[in-house]
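Structure in structure tokens, see below.
Letters A, B, C, D, E, F, G, H, I and J name the chains as they come in the text, with residue numbers starting at 1 for each one.
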Amino acid sequence: MPDPSLFEVFPTPSDAPFVIEHIAEEFTSVCPVTGHPDFGVITLRYMPKPGSTGGVCIELKSLKLYYHSFRNEGIYFEAVTNTIRDDLVKAMDPQWLQIETNWKGRGGIRSVIRADHGDVPRHFLGR
Amino acid sequence: MPDPSLFEVFPTPSDAPFVIEHIAEEFTSVCPVTGHPDFGVITLRYMPKPGSTGGVCIELKSLKLYYHSFRNEGIYFEAVTNTIRDDLVKAMDPQWLQIETNWKGRGGIRSVIRADHGDVPRHFLGR
Amino acid sequence: MPDPSLFEVFPTPSDAPFVIEHIAEEFTSVCPVTGHPDFGVITLRYMPKPGSTGGVCIELKSLKLYYHSFRNEGIYFEAVTNTIRDDLVKAMDPQWLQIETNWKGRGGIRSVIRADHGDVPRHFLGR
Amino acid sequence: MPDPSLFEVFPTPSDAPFVIEHIAEEFTSVCPVTGHPDFGVITLRYMPKPGSTGGVCIELKSLKLYYHSFRNEGIYFEAVTNTIRDDLVKAMDPQWLQIETNWKGRGGIRSVIRADHGDVPRHFLGR
Amino acid sequence: MPDPSLFEVFPTPSDAPFVIEHIAEEFTSVCPVTGHPDFGVITLRYMPKPGSTGGVCIELKSLKLYYHSFRNEGIYFEAVTNTIRDDLVKAMDPQWLQIETNWKGRGGIRSVIRADHGDVPRHFLGR
Amino acid sequence: MPDPSLFEVFPTPSDAPFVIEHIAEEFTSVCPVTGHPDFGVITLRYMPKPGSTGGVCIELKSLKLYYHSFRNEGIYFEAVTNTIRDDLVKAMDPQWLQIETNWKGRGGIRSVIRADHGDVPRHFLGR
Amino acid sequence: MPDPSLFEVFPTPSDAPFVIEHIAEEFTSVCPVTGHPDFGVITLRYMPKPGSTGGVCIELKSLKLYYHSFRNEGIYFEAVTNTIRDDLVKAMDPQWLQIETNWKGRGGIRSVIRADHGDVPRHFLGR
Amino acid sequence: MPDPSLFEVFPTPSDAPFVIEHIAEEFTSVCPVTGHPDFGVITLRYMPKPGSTGGVCIELKSLKLYYHSFRNEGIYFEAVTNTIRDDLVKAMDPQWLQIETNWKGRGGIRSVIRADHGDVPRHFLGR
Amino acid sequence: MPDPSLFEVFPTPSDAPFVIEHIAEEFTSVCPVTGHPDFGVITLRYMPKPGSTGGVCIELKSLKLYYHSFRNEGIYFEAVTNTIRDDLVKAMDPQWLQIETNWKGRGGIRSVIRADHGDVPRHFLGR
Amino acid sequence: MPDPSLFEVFPTPSDAPFVIEHIAEEFTSVCPVTGHPDFGVITLRYMPKPGSTGGVCIELKSLKLYYHSFRNEGIYFEAVTNTIRDDLVKAMDPQWLQIETNWKGRGGIRSVIRADHGDVPRHFLGR
């Protein structure tokens, strides 16, 4: 089961603007209807709050273990995307955060889902 | 015949902003003039209305079956694009929706057609 | 000789916003100085006027034949680009139209020329 | 030695907006310190002034010969970029002009330098 | 140890706007936890202050040697990114500067970190 | 229904060795179990018998129409491949013939099937 | 647990030479040491015995379910490769069979393992 | 009309083995049935006879002009391939010669035709 | 210093033919002349002796640590390649083994070096 | 002028079989007819004689300087290829040597020339 208690964070090491992107290319969960595995790429992009105001970053290994906790979970693409965004926003309270999930095709259709928290920083528009 | 009665929808699972993209790489219809098959990629992008205001999303398998219903239909590129947009807007009443159809070449010319409903969300400009 | 009388048009099949792109990858004309053949890709992008206001679209086969009419014409890259734009604007009176010609290299330099008519639609900027 | 007297120009063939891009993929000069050859791609992008106001375009072959005149010149990347921009601005007095030089790696670092004259046209932002 | 005393600078050779990008594809440092090597690509983009106001550029070879000084340093991705930005801002006092570090995957997750100093120039948005 | 009566042939225009490859990128048939469409690329490679011994080549448009005759046929990948090989061998009696069918993925598995008639010509080994 | 009882076969539909390739791009198992997931692409290539001699082919969906049975199995790369080869050889008794497993990188090293049963057919050498 | 009198040759500059490949990416002729233009890439590969035995090579510019002479010729793909091979064999009497013509798609099928004269040199097999 | 005592091996898990390829994309050593870092990709390919005859395979993590032991070693490309081959042949006594080292460019020249031990297996020729 | 006196060699560091490939991507010479620069990629592949029999390898920097000595030389593609082969064979007396020169297009035709000395080693066929 998705387990946000796995998250560990550390203080933002700077007060200057800072965008971090973690691309997990080996995510898998299970389709709740057919029981067949789903495979996707999960991209996390976020701008932490400045360190001096208590901002934090996600520790990379804890993020990996959290993703692994979806492995045998029966869950829809949309719910994966929203769950990850909500769990990470709770864990980090970032200035901006975006989850993009990119799923391998099923029946000839492949899907990309993007959920935001906060405003896209000006110099990230169009990327 | 294109059959919008095939559509099934489900309530938007979140109230936070949310963009969904379904890329169908195996679409085929028939040229109304020559009777020869046309092949294209149909990309649907949309932002549903929030769940708490009655917003809905399209169910993926029903979308696939709807696309299949064009298989032996004699219909122009432009009409395919407009028909899909109109049928989906009626079925979902989304905040924003875009259909991009990308057709294999005929006689050395290949075509891309893009039809919008509503304003492109600010953080999707330039993509 | 470039022959705009070849153009055929049909009424825009919708009043909703609509962008059409036709990419002709097999264009050839002749260099007026050396007599050697030039090869290029001609991309036409346009937004027709709405159907209810008399807007029209270009018929695809007539566009192809018009392009063929340049085959043995001695004409510069810049003149090809402007001629096609002007002939198509006259034939369709579109809301926006853009011709991009992309030429194979000559003497180690390859060229791209882009001519606009009207304002680029807001959601096409940056593409 | 870089020789701007090689430039030839011709009147802009139109008054409508018009962007021209010449990509020279086979540029070479010499490093002033080591004497070793440098190799790069020089991209010129510009919007000429309208023909009716005396605007001119650069003749392609003369541009090629001008580039060849750098072949045995000992000159830094930054100076190549500025020199070409300044020489072309002088020769054409364009509405907008941009030189982008893209250099093959030296010691594991490759460089791109971009120098502008005038404002980037609105529909070229983000490209 | 990262050694900013290695930096050498030279006066900006022009007063016109000017963006420089140095892409170092062979950066390596050491993970402070596991002691295993990390590999990444470091992209520096900056706009120097005009030469007439005392603006300077970074000398390319000194940049390379500075990067080499990280080779056996145990240091996190985020700290590499911030350290390079801060050291270069101190050395050059540029109008705008951006460091993008792009790291090879570890445990199936690869990371990109981007730190800015000053506002992204208007014609660089969306790139 | 697959209809080999559509084939037209013409005499091999030479007696010298000669290999012909026709790549049809837009083939579609129907899965006999699920009724869902299958999409594939069909590559025909053959060496005709010399013209002076009565050898023939397949006429390209008749090949296209023959492929179209599979459009609404419920038929397995293996049967498509064998049927096309057998029908073409009957129509042309070539020296060597090979059919390679390359199918879009279903359930995460994509398939390639290759059926030969006669020996691969020596200078085609390894291609 | 890997479960070869899931396999279903069907008679080879032809006596002519015939090579089949099934590429499963979404395979996952678990590292027996660390418990972390492994991800790979499994390619099966085989030439069945002729139908008239009792030759059989593997049914595609049963192959997929067999692959799924590795999902939570702790097993090394080499053992995955050998197990799949041995199980399939037992189920089909083919003329030739090859398993190629291609694994995503771990600690900066990615691996490809290839196990054969029988001689590679002459016209497959070098592919 | 294809005009082999355009060919010029020069003595092979060496007696050691020697393979030459000229790839013409901008070939065009006309379909004899529809009158529409055909576009293809013509690759010539040959091994000349040694210079000391009177062997000759084709002069590059004369080859280009010969190719241009097909521009308005109504001629099939197969005939183009055979004609070029036969004309070049006559002009050069080489040890080995191969013409590969690679045609842009027509009606969803693209074609490659390969005609040989003499045996492929041993170290060219499989390329 | 390159340290072959780091190697660990395990018995070949099968007697059937078996080829293993480990591609290490993040190798670095130091140029013995300039002291600058070198970066390369090291590909190991081998066929172990059968398990029943005492054949062994290299343990993946021990291979990684062995590669790390070159990090601060001043050593030429050729010596890296030969040293790795010789150390691995000693550790495994394989049927066939090949080391291919692929080095990033220096001064505009990049290098690939390939050293073999034993005969390339027949079905690996041409790959 | 091409200057083989620049070559330096060193003894082959091993007696086991050994293939070395140096790919120089930034070669330039001058067309003897037009005086325009030519640009190409020069690939040297060779197998030195074993060290114990007096075999030698080419020193990389000396190879680079030798290539630079062609910079302002008016010389044909064929002569470049043969000259480099002959000069290197003289300097190294290798078991096998191959020069492949790959030239940027001129007038729409690009060329590849390959000259061998000695027999291609068996395990290099088809590469």
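The definition used in the following text is that a contact is a pair of C-beta atoms (placed from the backbone, for glycine too) under 8 Å apart; a residue touches a chain by one contact, two chains touch by 3 or more.
The shown structure was predicted, so the numbers you read here are calculated from the model rather than taken from an experiment.
Asks: Could you tell me the least number of steps, going only between chains that touch, from chain C to chain H?
Replies: Graph distance in the chain contact network comes out at 1.
Asks: For the two copies chain B and chain E, what rotation in degrees overlays their C-alpha atoms? Round to the nearest 5.
Replies: 145
Asks: Between chain A and chain G, what's the gap in Å when you average each chain's C-alpha atoms?
Replies: Each chain reduced to its C-alpha mean, chain A and chain G end up 33 Å apart.
Asks: Which whole number of Å gives the spacing of the CA centres of chain B and chain C?
Replies: 27
Asks: How many angstrom between the C-alpha centroids of chain G and chain B?
Replies: 37
Asks: For chain C, what residues touch not just one other chain but two or more?
Replies: Chain C, residues with two or more chain partners: 25-26, 36-37, 39, 104-105, 107-108, 125-126.
Asks: Each pair of chains that touch: what are they?
Replies: Chain pairs that touch: A-B, A-E, A-F, A-G, B-C, B-F, B-H, C-D, C-H, C-J, D-E, D-I, D-J, E-G, E-I, F-G, F-H, G-I, H-J, I-J.
Asks: Quick check on the complex: what are the chain J residues that touch chain D?
Replies: 25-26, 28, 36-37, 39, 68, 71-72, 104
Asks: For chain I, which residues count as touching chain D in their complex?
Replies: So the residues of chain I touching chain D come out as 36-37, 39, 104-105, 107-108.
Asks: For the complex, give me every residue of chain C touching chain D.
Replies: So the residues of chain C touching chain D come out as 76, 78-79, 81-82, 85, 105-117, 119-120, 125-126.
Asks: Can you name the residues of chain E that touch chain D in the complex?
Replies: These residues of chain E touch chain D: 13-14, 16-26, 57, 60-61, 63-64, 122-123, 125-127.
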